[in-house]
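Two complexes, one shared chain (subunit A), two partners (subunit B, subunit C).
What follows is the complex of A and B.
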């Protein structure tokens, strides 16, 4: 790709970039969150959301209003926007969108495989799949008897095929392997996405590569943290770390040997970016968890992506920020409906 | 003494001795029944007190558990379908035992763990800590529910014999007051 995206970008993608920036401007602000936190019931939340860009999205819902209905309607809205962007995109932006949907597709495929193994009906699983991860061969999943049939018949047509080839060693699927399979697929997906962005070059690489590096390192840290005290061996754990982050290769090797949180912290102290994040973690109850700190950093990086123009990162950043906003609203709504207001301010502020 | 409470008897010394023996028998029977009804009442009151305490605690624990579910969903996303899909054997099971109080057998439930946690690796990549807390909270809730079920099933079990024995006691008291 030639340098100087400002000459060529707007021809193909200018309309969509303008659209996504408009959508970003309508994300909820700090004032909106303060109003939501002060609501007493879910009906108040609905009234407040009517004044924002969400408008009357809950107008067709019957009483009583529940948190899951709010979540469903918000997700439908995000999907409509995403599909609109995707349908109007040209190459290479459409490949970028395909990469973005791969993570949802991985979750859907794992769900379908599980259901096929337990001989559940495909229709009820399809309802539970994430709409952004739809692919055309989904309904055909139930014809396969074993996982390798499934791969050869169905999945080889999807964009997920190369990721499966990296982990084709399993032929038996029990619960342990399902989660390992999910994480291995995600690792190859992340590495492929990173390579795509890097090869694209230009501003997109400058914005997307640090974001994807952070995502890779974050996964490595969280997998390590969650595997303390489980049956996952250190070698297995090391195969799940994505290699496209700053921690590769020495950091990942040190992490694989870590046995508790302090050893992990010492690994992070070698890297200037992660040292302050670990210092911000409170201990035990009260204070932030490591995951909260990582979420905040991710939101920070996504907001900064909008400071540059003429790159694809704005679409990725907008989708992630919108999902975080959805999680925040669901969190506030749950606190209100369960009348448990002590932690209502632990949402992640965006703007 | 009214007419119908009178026992028709021939006033002889033998009849008096027999009547005295009958009176003694009736009084002993009445004392035993009183002891039984006292023991059952005591047990009944204990169970009632424990039921009230457990129900109050239950409200708190369920609230805490539902909130930790919301926390886990915030960090880990929606894992409900994964959990429902992977259900196979129960990890917490219940045994029923019999407890004997003053001759009345009451059922008691006790829970025991069997097998390993099949959801150990769920949330490996996000939300693992919150999921662990969630599992702990709901395990506590289940244990409390088992205890409550045990108490509530022994509650009518002790109530009925209590009523029967107190009725018999009252009849016996009447009988002994006649003699």
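What follows is the complex of A and C.
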């Protein structure tokens, strides 16, 4: 691939890059968060959000205002922006957008399958599915009994088809297998996305590959942390780790043998990038959790992506930053509605 | 009954009542704290897992209880509330139900015993790899359950204590005019 994106990037993608930079400028600032934290009720939150770029997005909501309504409306707004970008994109940016939506599709598939396990109606679950992960065969997901069934009958035409390599099996889908399926799908997806970015080369690879490596390693750490004390065996655990990160291969092998948090920390100490992150984790209920530390690092990397021009990473970074903003607002709103304000400042400021 | 004895009994009953009330208040504060903690931990879990992964979509509308309440009589004849893990009782219920099914359907339904293994942990409704905050929420709610049972027992003791108090006060009033 010819280097020198600055010569021809703007021909196809300049308009969209300008647009996404404009959208990024409208993310909430520290002052906005300070105002939100001081609200007493959800109605106050709505009034404060009217002064930001969100505007009157809650105007059509009936009383009483709940946190899940706020979440849904914010998500709809993000979806509108994303669909606009996607509809105006050309190759290879369109493939990039398709890769981005695959993660939401995986979430939706798993949600539908869990719902089938709990005997929920498809309509009920479709309402809660992530709008960015919508695909036409969604309603048929709940008829599948095994992963092979799922692939052959439902997903073979969707963008998720290539990720089913390691997941084909005849086991019936109970909770353990659904969890394994989710993680294996996500691992294949992440590795495919990483390869796409790397093959594209140029600034996109320089920005996206570190971000995706971090995502892979973060998943490995979180899977390990959450698997302590569960019925997941160490071998099963190792098959769930994405291999496109810095931890591959020695770190992943060590992680698979870890049995508690301290052993995990010792694995992380071998890597200069992860050692300071683990040191920032507070112990007990006072300080930050590992997940918080990872979210902060993700926000850092995504903000830095905007310092370079002529690459696709700005779209990925904007979507992730917007999602973090939504998580922040939902957290603040939950603390306000539960009247439990001690941890209200645990959001992660972006700008 | 002599008035001084009655007064002494009244005093001791009053003291016991106040002690029970204090204990009830303390338990109520603890229960509120546990429930608040539990809900906040659930919000934290939603923060990491996504808002739709921790919600009514994850559990069935009909569910088997893990913990049941039983009542028993204490020495002073008052009711006590206690909690029992339901798994201890289900194996006994399978037998007659299975026989009833057999009679109705006329087929041998061997799958029945397998559908009541150790009762599934509700934590697994949300997946196998759940974040720590969800486990914390479960622990907080479990502690709250025990507190709720204790509070119910205390409430009964307090009501009984108040009725006793009223009875004794009536008797005292009857004795006072006589001795006066």
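Just so it is clear, the second predicted complex is superposed on the first by the 329 of 351 C-alpha atoms of A that agree within 3 Å, B and C clash if a C-alpha of one lies under 4 Å from a C-alpha of the other, contacts with A are read in each partner's own complex, and residues count from 1 in each chain.
Keep this in mind: a contact is a pair of C-beta atoms (placed from the backbone, for glycine too) under 8 Å apart; a residue touches a chain by one contact, two chains touch by 3 or more.
Note that the structure is predicted; figures quoted are calculated from it, not measured.
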Task: Side-by-side fit of subunit B and subunit C on subunit A, or clash - done: clash
Open item on the list: On the A-aligned overlay, A:291 touches which partner chain: subunit B = first, subunit C = second, or both, or neither?
Closed with: both
Task: Partner chain in contact with A:66 - subunit B first, subunit C second, else both or neither - done: neither
TODO: Name the contact category of A:165: first (subunit B only), second (subunit C only), both, or neither.
DONE: neither
TODO: For A:219, decide between first (touching subunit B), second (touching subunit C), both and neither.
DONE: first
Task: Partner chain in contact with A:186 - subunit B first, subunit C second, else both or neither - done: first
Open item on the list: For A:119, using the defined touch cut-off, is the partner it touches subunit B, subunit C, both, or neither? Pick first, second, both or neither.
Closed with: second
TODO: Just name the clashing stretch of subunit B against subunit C, choosing from 5-13, 23-31 or 77-85.
DONE: 77-85
Task: subunit B and subunit C contact sites that coincide on subunit A, given as residue numbers - done: 111, 114-115, 118, 120, 125, 128, 175-176, 178-179, 182-183, 222-223, 225-227, 230-232, 289, 291, 327, 330-331, 334-335, 338, 340, 343
Open item on the list: With touch defined as at the start, can you tell me which subunit A residues reach subunit B in the complex?
Closed with: 110-111, 114-115, 118, 120, 125, 128, 175-176, 178-180, 182-183, 186, 219, 222-223, 225-227, 230-232, 240, 289-292, 295, 327, 330-331, 334-335, 338, 340, 343
- [ ] Provide the residue numbers of subunit A that touch subunit C in the complex, in ascending order.
- [x] 68, 71, 107, 111, 114-115, 118-120, 124-125, 128-130, 175-176, 178-179, 182-183, 222-223, 225-227, 230-232, 289, 291, 327, 330-331, 334-335, 338, 340, 343
Task: Of all residues in subunit C, those that touch subunit A in their complex - done: 36, 39-40, 43, 46-48, 50-53, 55, 57-61, 124-125, 127-133
TODO: Please give the residue numbers of subunit B that touch subunit A in the complex, ascending.
DONE: 63, 66-67, 70-71, 73-75, 81-82, 85-86, 118-130
